[in-house]
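Below, subunit A partners subunit B and then partners subunit C, in two separate complexes.
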Partner chain A sequence: MTSYIIRRLLYTIPIVFGVLLLTFVLFTLVGGDISIEIAGKGATQETIEEIREEYGLNKPLFLAWDSQFINHFKSALTFDFGRARDREPIIGKIKRGVGPSLALTVPMFFGIVIISVSLALVVASVRGSIWDILAVFICVAGMSIPYLSFILFGQYFLAYKWGLFPVFFSPDLTMAQYVALPVLIGIAAGLGGNLRFYRTVMLDEMRSDYVRTAFAKGLDTKRVLFKHVLKNAMVPIITRVVLAIPFLFLGSLLLERFFGIPGLGYLMIEAISSRDYFVINAMTYISAILFVVFNLITDICYSLVDPRISLE
Partner chain B sequence: MFAMKHKEKRLLVIALIAATFVLTGCDNSSSEKDSDEMVLRHVLFTKIKGLDPGNVRDVYSNTVTSQICETLYQYHFLKRPYEIVPLLAEGMPQISDDFLTYTIKIKKGVRFQDDKCFPGGRGRELKAEDFIFAIKRTANIKYLSQNWSMFDGKIAGLDEFRRITKGCESEEDVDYSREVEGLTASDEHTLVIKLKKPWPQLVGTALADIATAPIAKEAVYSYGRDIVSHPVGTGPFILKEWRRGSYVELIRNPNFRGEPYPSEGGPGDAKAGYLDDAGRIMPFADRIVWTVIEEYQPAWLLFLQGKVDNSPIPKDNYNEAITETRELTTAMKQRNIRLEKFSDPSTFWLGFNMQDSVLGKNKPLRRAISYAIDREEFIEIFFNGRHLVAHGIIPPLMDSYDPNIKEKGYARYDPEKGRELLKEAEKINGGQLPVLKMAVPGTDSFYRQFGQFLKRHLTAIGVNVDVEYMDWPTYMEKVNTRSVQMFCSGVRASIPDDEDFLGMFYSKYWAPGSNRFNYLNPEFDKLYEKIEVMFDSPERRELYRKMELIVLEDCPAAFLNHRVVFALHHDWYKNYKPHAFAYGMSKYRRIDMKKRAEYKDLLKKIK
Partner chain C sequence: MSDSENITRTHLPKGRSLWRDGLRRLRKRKFAMVCFVVVLIYFSLAAFIYLAEFFDWRIGPTLWAEQVGPSYAPPSSVNYLGTDIFGQSVCRKTLYGTKISITVALCASFISIAIGVPLGAIAGYFRGVVDEIIVWIYSTLSSIPYILLILAFAVVLRDKTIFGYKITGITAVYLAIGLTSWVGICRLIRGEVIKHKGREYILAAISYGCSERRIIFKHLIPNVFHLIIIDFSLRFVAFIHAEVILSFLGLGEADRPSWGAMINDARIELSRGVWWQMAAATAAIFFISLALNIFGDALRDSLDPKLRIQ
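Right, the complex of A and B next:
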């Protein structure tokens, strides 16, 4: 297994290089020159030139030791992403945003996984019944409602009308207070799609021979579901669950924006709208690394839950 | 038995988790630190970029920074028309006979806020040198200030200082002790500014602008690039916390000298209660909290809950707040909410790139487009009928506004005339006109509706348009590189002087400067150069009107609307007189704590 892990880690080098090259090409070559925009209204050509020098935009793109790409590469490898356009160190911005983002996405993620997997097991065990039909109907309805509607509805009724939660972030509130409603909304909005997916996975397993064998041997439903079906359904569950973890780092754009949670989703969208390539590059790079690492963790988990899968 | 116990245990755990979740989430008002503190609670609809006055150019950053750092002059809080009055200056400047030298006495005993950048942490006294430092800093090319254009070519020796800074390695290497002929301190409290040519707007434009507000040089050296989040000024408030993109919290500055609330105002101010606090020492508030909320729904709901003091009216909530007769609805009156309506010194337009090969040479085409747009319908659809039709550049609030402007230009709806002019335009073009491209600075539904509206009207007279929706940076890049044909834009005056509006048509300010139309008319330029050095007078106002007519004749833009602001505030929010140049205004605001406390009961009663 160790050699497999080392090999996989070595594979990450070309992947990371590819990501760096891609972000550089996209933002530097396709995105265009940002110096005019940074200079602001009524700037002189002299100021624009100075900005180009300050941000290294007057350097060659590739073919030099001090080229823009080499500098981009160096800053990524050393995790020294420099300063954002508002002159704040980018790493400071990321560190500050991780906490609120994870406080929102982690409970949401576990809430969705636990509830949807549990409900999927129950629904799959009563497939074809009125409860199963009702669950599918609710899932489809939930998936059809736009995410924004969940937010607007939740904020208006649960927070404003009924006063159960704060409407928006305030420095006087604790983190638990201001993330509670967005977490609930996130769970409600994410449940439909997840429940349908896990129900399908469970149903596939329920149709397997070993399940019929287990029932034939007289095992009770609970034991069949939790001991056999759940265990055999772990591979698709792990694929979906573990690969979703890196995205937790990116936070939730809409929820963060509507509830004022100062997380990384908000940071990312701000960076995109203001074309702050320095922040976008840093976030993309960190996300890519997390994605590669969690991909590896997924593979390791496969071998742990299914001895038939060999990492060699 | 065991199974039963196990089940109960599980249920208990689930119940506990749910209860914790609900209880932590409950909107527990007791957690708010209201107590007896007078807290101003506001919303910022976009995040602020920085709190370093030398590089502040956007409205929101200015709104916050101007509470911390002060300028030499400010606009009177109550008097209209707007009157410039001293703030850190002792009085109005002494101006030499040739209008080139300004001598300004600075108030004595003004101290910077306490900060660890000072020896012993105690803020020192403000001196004339601090203003010189502030202006030199803006000139430092390595500092990359967005405010430099204000001083470009205006102060003796400052351009040379800027050239010298170009040779420095970094911002920190610049020697600020290097003398600049036009910026001297004749003593610790006297600032002398020498100009290259008369600059009548010096006091109103530069010396009342946040760019010249002194920030302690000790802080600049001590915090380096982090100065954006460590402003050390002389203002009534100091920064307690700024969580970027989330909120800003200021607290009262204990070193603030205390300023008396104005004792004189405009007609009707006493009756409206704006003079109730006359002579009282400001600031009144202990704390200010601005929360960044970029979506209208939460901001509106917080306002209705009484958790913010004032609010604009979101388009979607307009009917909830305002009746057809443009008054407050009963629901708002029940909550003791007040409405303030005021004209904003702004103009919006559909601009034409005058260097474009199709539009630039075809005056009938530009006029036809201007005739094609039904501005009243536009204002009704997009602004609930609140705004005013713009028939020219100068908005009604300004002194040189011409009330008969409607009859003088081409900014009115007349599709028939538009069609006639289009035939002429096609002749000039030598055949059918190509599809014109219109740049719209946004991609959300508002901008898409806006683009569709303009397209519909232009198509109705036979002009084919391709609307290009783009994000703001892309739009700016295209406008600045003169690669758009038509563009939607607007401007708001930064001072009560029409120069802001007319300067947009001066040929030396072509894009990336403020003349985004890339308009050139030698007659206009000549007049602009004349008014640029003239002090306010009836003659100058007449010239402003003449220049406006020249622009209207050439039609480099189809002027659309002037903004009229409808703002709401709770009745506990006192001294909220609308001000077009509302910077550093928080010191005037006061909260009627009793009324604010009663609001919760009022809400219960309404429910």
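Right, the complex of A and C next:
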């Protein structure tokens, strides 16, 4: 077991290295020297030089101890990403954004999972009927509406027109107040795809032999669904849930932008519009690390829970 | 009686190919065929706008910049879908947006197929070090959240000059989408090629002395090609939606109308009660997505009954 965990840990090293290499190529080699852009129009040569000095853009790219390549790795591994355009340390900005982002994404995500799994059970129990076909069609239709339209129409009707929720974030609102509508919209938008996925999971399970046995024993549909199918379907459900957790930290780019929630999604949008490569770089790296860590945890949990999964 | 005579006398029924079989099954699904027609309409509209621009025909969609009425005129018999802030026809803009969306989704598909399929086939066929390197590359890419990766590529590539070619507008968009979304198809093809490698027809090709390039590109890829078609009929929708989000974030086409840009305009308009631009763009995206989703599912069921809907 220990050797498996160590092997699995070692395997994450090339992935982290790969992510760092990719961000270096993207933001330093392709992105290039953005000091003139940071300095703004009409900046003197001295200001530009100062900026280049601060961000280390005047250093050699490779082949030196103090090269940009080495520094890129150093800053990532020590989680010291320097300062954003507005002079605030990037890591501080990210720490501040995690709270509001999680407040938005966690209820949204678990809302989607709980609602769609329970609906999937219902749909699976009436499989093949007109209701099943109708449900799948509604799911596909829901998946076809652009996310932006969900947000805009939701915001317009529920908040602006009917005044059920605050339209925009303001500091004097409680968290539950400003998060409620975005969460609702997020659930509505995500339900289609998820319900369809879980329905397939359930139907796959319903084809198994143990389900036939259970029915043959004379159990009713409800009992088979909740006692047998749901338990066995938990494996794919949990996989999907655990692997989605790292993405929750990122917040929701579009929801946060529309509702002005000061989370990580908002930070990302700001960074895009001001072309702040340093913030985007930090966000990319941190989310990749989170993903790798959660992947590792899932794999280890699997090997603990399911003895059939080999440790080789 | 010799063996050769025996063979000539036995009457073998003509085999049906995978494609013919699949298409026969597909044609039975009337609703899927309706969806296919809808998709075709969108594609021909895009092609038609290209033609019209090339020959400089002065028709609706190419004259989208023309002022046809007052600012924010509601839908009427003159302007079917109303006008935007500049008095431009929303109907024309929506039609023109089709061209942008289809172009982006098609180019992105071509790029990701061109990268993903050969890499997947090579990794699955050769295994060993080559396989490990390719798996490493795509594991790295897939450990970064998809939307973040696309945004990072789009931000960096925008307005860059690479090999003397300036990347502007939608080029940055489809490059960003294409360069980041080959992972899925690469993984799929790799797995499939590993399965096919031990089959008789590949062993036969090897024993004939076919070159490795020939085996990969003439034998293996044609045999897994239906998977590529299925995968992309469904992925196309994701590309269209990605283009909308990128355009909305200001990373897309700057001076020509696109659905994403229209939705972006609608952010301010909605509070004034101007809903038609928003509705037009949403409807345009909705119908092609719905048609592609349903058609893609039907295609998958017909061509590969073993694959399950995810």
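Operating definition for what follows: the second predicted complex is superposed on the first by the 301 of 312 C-alpha atoms of A that agree within 3 Å, B and C clash if a C-alpha of one lies under 4 Å from a C-alpha of the other, contacts with A are read in each partner's own complex, and residues count from 1 in each chain.
In the analysis below, a contact is a pair of C-beta atoms (placed from the backbone, for glycine too) under 8 Å apart; a residue touches a chain by one contact, two chains touch by 3 or more.
No experiment lies behind these values; they were computed from the predicted model shown.
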Taking subunit A as the common reference, can subunit B and subunit C both be placed on it without clashing, or not? Answer clash or fit.
clash
Determine, under the contact definition given at the top, whether A:D204 touches first (subunit B), second (subunit C), both, or neither.
second
Is A:I112 contacted by the first partner subunit B, the second partner subunit C, both or neither?
neither
Scan A:A214 for contacts with subunit B and subunit C and give back first, second, both or neither.
neither
Just checking: does A:T174 make contact with subunit B only, subunit C only, both, or neither of them? Give me first, second, both or neither.
first
Applying the touch criterion given at the start, work out whether A:L152 contacts subunit B, subunit C, both or neither, answering first, second, both or neither.
both
For A:V123, select first, second, both or neither according to whether it touches subunit B, subunit C, the two together, or no partner.
neither
Counting only touches as set out at the top, which of subunit B and subunit C does A:Y160 meet: first, second, both, neither?
both
Is A:R275 touching anything from subunit B or subunit C once the two structures are fitted on A? First, second, both or neither.
both
Intersection of subunit A interface sets (partners subunit B, subunit C)
32, 152, 155-156, 160, 258, 273, 275
Please name which positions on subunit A make contact with subunit C in the complex.
14-15, 18-19, 21-23, 26-27, 30-32, 140-141, 143-149, 152-153, 155-156, 160, 196-197, 200, 204, 246-247, 250, 253-254, 258, 268-269, 272-273, 275, 277, 280-281, 283-284, 287-288, 291-292, 295
Residue numbers on subunit B that touch subunit A, as the complex places them:
21-22, 24-28, 31-33, 47, 49-50, 57, 141-142, 144, 146, 148-149, 152, 166, 225-226, 228-229, 241, 243-247, 249, 289, 291-295, 297-299, 301-302, 304-305, 307, 471-473, 476-477, 480-481, 509, 512-514
Touching residues on subunit C, where the partner in the complex is subunit A
136-137, 139-141, 143-145, 147-149, 151-153, 155-157, 160, 162, 237, 241, 244-245, 248-251, 259-260, 263, 266-267, 270-271, 275, 278, 281-282, 285-287, 289-290, 293-294, 297, 308-310
Of all residues in subunit A, which touch subunit B in the complex?
32-34, 36-44, 46-48, 50-51, 54, 83, 86-88, 93, 96, 152, 155-156, 159-160, 163-174, 176-177, 180-181, 183-184, 257-260, 262, 266-267, 270, 273-275
